[in-house]
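Letters A, B, C and D name the chains as they come in the text, with residue numbers starting at 1 for each one.
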């Protein structure tokens, strides 16, 4: 097949991935509203281009650490939405058998080493995973996703210094949606920003428009190549926007309406659809991709709803080997 | 009095401060060797120009946080060597009544908010002290001293970002002696170094030869002026050398002999004595300053040796108000 | 008097103290917006950005800066948002705040209040549900406050803010909505004084924080069956009201401790060991704990239910003690 | 068999396992130089910079990187240098390592050993002397190892390195110089099996880590007066050998727990509460603890002495129990 055809297919795949992430989270939101999903739910609606553009450059054996807003990362890395949805629903068929929920989805079989409920919690873990892989002479790399909030936590400095020091195969991606919970990133981050911090810790860094999946794909593509070649860690700062509130129950009403409506126009799915149309993709073809994605997630929701709950006794499994499967005294 | 005379007196004072720090630590080392001082002892021999050049620019009401290698900082800030020595000896007359020892000397009456046994432990404390002072509309500033080892701990990033964000009156001083315990700083610090990190966190920063007391005095003088004017934090990276081992029991034999002997030639006291002689100070005058300093510390040692031990019951004081002065059950 | 929720009671107490004393201020994430729980609603407008400080996600520095600010004479309320995040600030809490006064021979006055909403709440899973208050009873230098009602939250928070000792204040997440009557002028409640909830001879039941309403319900069900017990809400576990509990055990001979935290090495163990030490086996005829198994908190409701206390478990335990 | 010090026994155990299994490696500060205590002497030369990793002073990342490396199939030994510094890495330990297997429904295998030399040692003062092992017994997801002899250090460290569970290994600083005989081929010692040191009917004495030699000395002095007791070294406090202790208490009826850590909410409380729960007051006639007051560790020798255990205190406590 020609390069052009390859490239074209890659773009369509981007769109499909983004549409699936969007559909997954919209479905999850509505299930949450309907009381089908317990616990807090952080959706990444508006940020799909980052997850997509990053993970398309990764192999299955590559590892990924994520944060509390990680559905997109998991789907893009190859996790099955049905098992993710079941996990959100707290069912036995979920990735963690219902023990984790939204903030702790992991699928080790596709290298997804887990979401994390602690901001910046994944950074040291990613460094160590890379160190362990290097020790075992693996050619796999580790991608570490975190938000703008994480750059103000200590492990950011420690981890970047660490990865640079040992020339570890880590790709750091700061998914900067401009806000941490209910606080604007620029109101709590002094100095020139994440990029300068990464460079100051010895990690080569670049910025990208995180709402432009083609740009993300390109910049990550070259960063991944560098990392895989053994040139040490790379850092990409992807600027994006969180269209929804912090959690499913937050209306984010404190944000400037103009800002939000401007951001809606930069919605990565809408922008990318326009690009694809320009390049000759029929609107119907895109609509079909969206419809398929929605159908997949509706099915996932329906399946999750009738999936079995975990046996109560399962609460005592997988604590640790010692004293397993019993009330430990 | 003329500016020149003022300046000259300032230089002589520098020399006296440095000589006193040196004499204190040499005396403490020999007392430790003689078994008079229990616990670990970290001396800053070779680094006296930093403490001296920094603290000469501070007022009594200014605060200072220190680290595990803080005798020099305390003396330069105005603490009494006799009470410090008594503390090293674990006596009731020591600054902490014997509860702290070398790693926990504090003298709040001169703004010395304490040494710290945890690397980088003083950084958040300094930030908060500055914030508290600012809240109270004080014009006092806070100086935060730490080593090159601290720049690889998380609180470094958090604290610098914090101080820059709230434009706090903090002067950060990285006393870079090239080594952290038994590990070379350059072997564990990636990227361009502490200066770049500070700048990346939004704190204006400069470097100085930390073995040149005049240079330290000058650069700190202008940094302090900036900080006191309300321009926010400043960072000074002072390059120096630890002439002795990590603790009193470490011979630091792993270091290159040539490196150490080269460093001995840059001994800040020797270098500064040469400068003073060039400027017309008689060698005898300097010798007298040294002799006085030594006599002061010999007296401090002798006094400490006969000072009373704390009453055993004092162990139960100053834990907290609730349940004070008794075995708490 | 106003009937308010527990979280609002805390807000009123902090507000009262900040109005009274200009050295009191609060720092933590999202404080500008009123805090994650609305516990500082209106503070930014009333007290300004210098006293209602919205911070970066920098727990080490939130905690350590609070300490530093106390060292120069202010009285910070350090807001940790959710208890579990204090794990990012343990050096500052354990090695600095708890020890600084002692290490420096009394020179330092670490007058901070550290607020840490703890416990299970709406299936938040393992990293957002922990209760480790027992750890801090084991840590010299700190006060450990564990209220369960709106009234106690208000009075104890006032006491905490006025205290020169560092106070670890565990807000009970699951009880934020319970209501109580808070006075116009909130009076401080002293540390170490238990609140007796019911009276009876059959047994002594001791609880605190989120376990209290469960224990109370169990005790109520027992009462309906004619079994009357002394029920105490400790309110603070360090110091804790040994006198009240011991006096009661001398009457009842039986002791049950109910807490949401893990049973193994929880504070219930200390209460039992201490009471036994004081009264001996001549007096204490039996002692049990109703608490959580030693497992992390699972997400899924049926799994979480395995960890949760229930009035039935409390009832069964008391009956077991009596039968024994 | 070689007679070696406790610290050397640990070194031999780690060396043996690193020779046996190429996925085992060590990371921590000053490891290149052999570690602060010489516990990795020669490792750099033998295993190279990839398996004897000298790190920056970045405790959060030392701990978290160890976990990450375990997730991809290696078995790191995470060296914390001195226990107190683990406070800089508590999120990684408590929220990540201890919970990850559970949260992820068994997908993760956090096979790490975290070595944390703890306790008082040569007047190191409050920030370098803590013992908080009881905290980790209260923390689901981890094993807590607390050896007191060279033999046990060797055998338990081998077991720890081979364990798929995360193991918190508390090296006893004050006992680094005690000697013992370590076999050419070190066999693993299973967790949760106490070592019985002496036998007797008068009382049951339980101890671990640095308190063990003190307890043993007290027991020896008692024996000289004709009072013979069962003395157990628990060796691991989670899991702990409940069967052995309970069987002994059924014989003696009296229980003394001796630990260096603070008495309040220490692990002694758990042992007493648990034994009482199992055997009842019909069997358990008295229980006491010999442990530290709830104060930070002071620097000065006469103050530190107030906190330290002594054989006399052990003797007095046993006699008190018997007289009671």
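Just so it is clear, a contact is a pair of C-beta atoms (placed from the backbone, for glycine too) under 8 Å apart; a residue touches a chain by one contact, two chains touch by 3 or more.
This is a predicted model, so every value here is computed, not measured.
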{"item": "Chain located farthest away, centre of subunit B as origin (C-alpha)", "value": "A"}
{"item": "Selected pair, greater C-beta contact count between A-C and B-C", "value": "B-C"}
{"item": "Subunit C-subunit D separation of Cα centroids, rounded to whole Å", "value": "30"}
{"item": "Subunit A and subunit D, separation of their C-alpha mean positions in angstrom", "value": "40"}
{"item": "Between subunit A and subunit C, centroid-to-centroid distance (C-alpha), Å", "value": "36"}
{"item": "Overlap residues in subunit D, where contacts from two or more other chains coincide", "value": "55-56, 58, 60, 84-85, 87-88, 91, 95, 102-103, 125-127, 140-141, 238, 264, 274, 294-296, 298"}
{"item": "Junction residues of subunit A, two or more chains touched", "value": "96-100, 104, 116-118, 152-155, 158, 161-162, 165, 188-189, 319, 323, 328-329"}
{"item": "Residues of subunit D touching subunit C in the complex", "value": "84-85, 87-88, 90-91, 93-95, 98-99, 102-103, 125-127, 130, 132, 134-135, 137-141, 238, 261-262, 264-270, 272-274, 276-277, 280-281, 284-289, 294-296, 298, 324"}
{"item": "Complex interface listing, subunit D residues touching subunit B", "value": "29-30, 32-33, 36, 54-60, 84-85, 87-88, 122-128, 263-264, 293-296, 298-303, 305-307"}
{"item": "Subunit A residues within the subunit B interface of the complex", "value": "152-158, 160-162, 164-165, 188-192, 196-197, 199-203"}
{"item": "For the subunit C and subunit B complex, residues of the former touching the latter", "value": "23, 25, 27, 50-51, 53, 55-56, 58, 60-61, 63-74, 76, 91-92, 95-96, 100-108, 140-143, 163-166, 191-192, 238-239, 242, 274"}
{"item": "Subunit B to subunit C touching residues, read off their complex", "value": "63, 65, 94-100, 104, 106-108, 113-114, 116-118, 121, 123-136, 138, 142, 154-155, 158-159, 161-162, 165-166, 317-323, 328-329"}
